[in-house]
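Two complexes, one shared chain (subunit A), two partners (subunit B, subunit C).
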Partner chain A sequence: MTFDAAYILVSLKVAIRFLHVTLLLSVIPLAVGIAVGTPIAVCRKFRVRAVSQAANILIPVLKGIPLVLYVLILNFLILKPLDRLAPYYAWADRLRVMDKIYIGIAAMSAWAAVTISETMRSALNSVPAGQYEACFSVGLTRTQALRRIIMPQALKFAVPVLCNNFIGLIKGSSIVYVIGILDILGGAMTSAQINYRFLEAYIAAALIYWMLCLTVERVSWRLEKRFKLKTGG
Partner chain B sequence: MGKLFDAALVFDYMPAILSRIHITFLIVAVAVAGGTFLGLLLALARLRRVPVLNAAAVFYISFVRGTPVIIQMFIVYYGFPLLLGLAGIDINRWGRLNFVLVSYVLNNAAFMAEIIRSAVASVPAGQTEAAWSVGLSGFQTLRRIVLPQAFLTAFPAFGARVVNAMQDTSLAFTLGVLDMLGQAQAIGIRTYHVLEGYVVVALVFIAASLLLEKSFSWMGKKLLPN
Partner chain C sequence: MIQVRGVRKSFGKNEVLRGVGFDVKKGGVVVILGPSGSGKTTLLRCINFLENADDGEMTIGDLSVRFKHATKKEILRVRRRTAMVFQSYNLFNNKNAIENVMEGLVTARKIPVAEAYETAKRQLDKVGLSGKYDAYPSQLSGGQQQRVAIARAVSLNPEVILFDEPTSALDPELVGEVLAVMRAVAREGITMLVVTHEMSFAHDIADHVLFMDGGLVVEEGTPREIFTRPKEPRTRQFLDRILLKYDYSI
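On to the complex of A and B.
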C-alpha cells in the first residue's frame, strides 16, 4: 500500500476528538503527583521519622518500574476483584463497557507521584544549606521556613523540571492504549481500522502529541523567564 | 481460577521470564551504542551549523522528543519498509525485533544529540581557540580537547538516559516482540495467572535500574572526584 498524506488529515480529525482523554490522563496525574510528591520530598528532606525511611526504600524501588507495568498491574488489580463479584450482582455487562480511564488515571498518578517526589527532592536540595540554617537561626518553624524562604527558591529549579515531567506524562499517557483506553493514539487507530491506513494514523497521532509537547515547552520557557526576572538572577 | 496472586508462581515463572532478558539487554545495547553514534553526528551538524543539516537536526530532535516512543515504534514498523521500498530494498521479511532496534536507535539518537550538544557547548571557547592556536586541526581539536571534557559533563545525563532507555524497552512487546513482558503475557494467556508474571518483570526492572544507577554514580564519582 502506498502512502497517502491526505489520510493523515482524516485521522487527525478523528484523533483530535480524543484530546480531552489524553489531557485528563496527564493533567490529573500532574496535580496528584505534585500534591503527593511534595510532602514526600519534604519528609525526606527533614528526615521525618518512619515516612522518610519508608520513602527512602520505596521511591528508588518504584522508580525502577516502567510505566507500562503500573498500567498493566493496576488494570489487573482493579478489574479482577470486581470480576469475581460480578456474578453476584449482575455486573458482568457493566464491567465490560466500564470506562477504564479511571484505571489509567490511577496508574499515571501513582507513577507521577514517584517521579515528581524525586523532582521536588532535588529542588529542595538545590537550595543551599545556609538558607535552611538561616531560617532556623532566626526562629522560623519548618512550615514557615518552607513557605516563605525555601519553596520560592526551590520553585525556580522545580518549574522547568515539572514541565519536563508534564511532557513525560503526556507522552507516557499514550501507553494506556494497552488496556484499551481510547486516547489520541487509540482514536487515531480506530480511524485506521476502517481503511487500514495505519502509518497515516500514527503520523497523525504523533503530530498531535508533538504540538502538545511544544506548547508545554513554550509555557515552560515563559515561566522560566518570569522566574528569572523576579529573582533577578 | 485460583487465587488472585500466588506468590509461589512468581518463582515458578521466573526462569521462563528471565530467559528472555537477553532481548532487553540487546535492545538497550544497540539503542545506546547506535544512538550515541547517530547522536554525535546530529550534535555536530547542530554545533557546526551545517546549513541544511542543522535545520533538519532541529526538526528531527524536536519531533522525537515531542512524541511517544510507542508511536515512533509503530511509525518505523509501518513506514520503514515503504521508505526502503522506494530505494528498492525489500525488508518485508524482517523480524519485528529489527524494527524495534531501528526505532530505539533513532529515538535515542535525538536524546543523545541534545546531551552531547549541551555538553560540548559547555566547554569554554578558549579551549578550542587554544587548540587551534597550537596548530591542531578541527577534527583533532574535537577528538583530543573538546570531546574528553564534554564527556565528563555529559556523563550524569548519559547515565540517566541509559536507565530511561532500559525502561523504554518495556514497550517492545506492543510490537509483538517476545521480551520479558511478552513472555509474561504469553504465560498469562496459558495459565490465567498474569499478575505473577508482571511482578517478576517488575522485579527484574527494579534490579536492573538500581544496578545501572548505582554503577553510573560509582563511575561518575571515579571520573569526577570533586
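On to the complex of A and C.
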C-alpha cells in the first residue's frame, strides 16, 4: 500500500473532533494536580506531621507506577464494585457503554497530583532559606509568609516545570485508549479502520499533539518572561 | 530590658552553646565578639527562634519565655518584638524596597497601608535611599540592600534589633555606608545586639562587649575593659590576632 499524504487530512478532520476529550483529560488533571499537590508539598516543607509522614511513604511508591497502570488499575477498581451492584439495579447494560472518560480523568488526576506535588516541593526548596527566615524575623506567620513571599517566588521556579507536566499530561492522556476512551489518537485510528491507512492516521494524531504542545510551550515562555519582569531580574 | 539565661544548643553531638546568658539594657548596644564557630550567630538565631534552643530562658520587656517549651503564640510574640538584620541581607526578592519595609508593618502588625507607607518612606530616607523606593533587591548593591534591611528592622520599632554580621558579606568599599547607618540607629537609642568583626566599630558604639568562645561567654565588660585590659588569656589572644590586622590604637 502506498503512502497517501492526502489521507492525513482526512484523519486529521476525524481526530480533531476528539480534541475536547484530550483537553478534558489533561486540563482537569492539571487543575486537580495543582490543587492537591501544592498543599501536600507545603505540608512536607513545613513537616506537618501526619500529612508529611504519609506523603513520605506514599509518594515514592506512587511515583514509581507508570501512567498506564494508573488507568488500568483505576478502571478495575471503579468498575469492579459497580459491576457487583449492577444486577441489583439492572445496570448491567448501561455499564458496558458507560462513558469511561471519568475514569480516565480520575486516573490522570491521581498521577498529576503525585507529579505536581514533587514539582511544587522542588519549587519551594528553590526559594532560599533566608527568605523564610526574613519572613519570620519580621513577624509573619507561616501562612502569611507562604502567601505573600514564598509562593510568588516559588511560582517562578514552578511555572516552567508545570508547563512540562502539562505537556506530559497531554501526551500521556493518549494511553487512555487501553480502556477504550476515544481521544485524539483513538479518533485518528477510527479513521483508519476502513482502509488500514494507520500510518497516515498516526501522523495526523502526532500533528495535533505537536500543535497542542507547541502552544503550551509558547504560553510557558510568555509566563516565564512575565515572572522575570515582575521580580526585576 | 532583655535578659537571656542559660541558653544551650547542640547540633547532633556538637554542643554549640553551653549555657550562655547576658543582659541588654533598654537603649543599650551590646556587641558580641569571638572567633568563628564560637556560637555567636547561633545565639542570635536562638533568640529569634530561627533555631530552637535546647534549654534556657529569656525575658523581653514583660514577656518571659522558656526556649524549649515556647508555644507557637509565644514564638510569634517574641518575633514581633525583635527584628533581625542578616549577613546575607535576605530582602524579599519579589518586593521592591518600600514594599520590603512595609511588609512586616502591614501584614504582621496590621498597620494601615497609608500609615505604613509614610513610615517606610521616612525610614528609607533616613538610610539614604530616598531615590530607591521602587528598586527591587536585584537592582541594588549589597550596601544598599543591607540599608533597606536595616530600615525594615527599625521601622518595626522592635524592643531589640539583632545584627548578625551585617557587613561580612559586603565589598570592603560598601562596609562604611552600612556602619554609618548602624551608628545612626545606635544614636537614636534603639536597643541593639550586634555580632561583628569590625573592631573599631564595636569599640565606638558598644556600651557592653561580650567575648564568646567555645559556646560560652568567656569575658564581658565595657569596650575599654575588653579592648585595653582583657583579663582572660583567650580574649587577649583573639584581640592580638584581630587588632594587628586593623592596626588598632586607643
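We adopt the following convention: the second predicted complex is superposed on the first by the 233 of 233 C-alpha atoms of A that agree within 3 Å, B and C clash if a C-alpha of one lies under 4 Å from a C-alpha of the other, contacts with A are read in each partner's own complex, and residues count from 1 in each chain.
We take it that contacts are C-beta pairs under 8 Å (C-beta built on N, C-alpha and C of every residue); 3 or more make two chains touch, one makes a residue touch a chain.
Just so it is clear, the structure is predicted and the values come from calculations on it, not from any experiment.
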| item | value |
| --- | --- |
| Touched partner set for A:Ile65, first subunit B, second subunit C, both or neither | first |
| Which of subunit B and subunit C A:Ala54 touches, first, second, both or neither | neither |
| Residues of subunit A touched, compared between subunit B and subunit C (which is higher) | B |
| Touched partner set for A:Phe76, first subunit B, second subunit C, both or neither | first |
| Partner chain in contact with A:Gln131 - subunit B first, subunit C second, else both or neither | second |
| Which of subunit B and subunit C A:Ala31 touches, first, second, both or neither | neither |
| Which of subunit B and subunit C A:Thr141 touches, first, second, both or neither | second |
| Subunit B versus subunit C as contact partner of A:Ile203, first or second or both or neither | first |
| First, second, both or neither for A:Val219, with subunit B first and subunit C second | neither |
| For the subunit A and subunit C complex, residues of the former touching the latter | 128, 130-131, 133-141, 144, 148-149, 152-153, 230-233 |
| Of subunit C, residues touching subunit A in the complex | 48-50, 76, 79-80, 82-84, 86, 88-96, 103-104, 107-109, 135-139, 152, 156 |
| Subunit B contact footprint on subunit A (complex, rising order) | 2-3, 60-61, 63-69, 72-73, 76-77, 80-81, 167, 171-172, 174-175, 177-178, 185, 198-199, 202-203, 205-206, 209-210, 212-214, 217 |
| Subunit B residues within the subunit A interface of the complex | 4, 62-63, 65-72, 74-75, 78-79, 82, 167-168, 170-171, 174, 181, 194-195, 198-199, 201-202, 205-210, 213 |
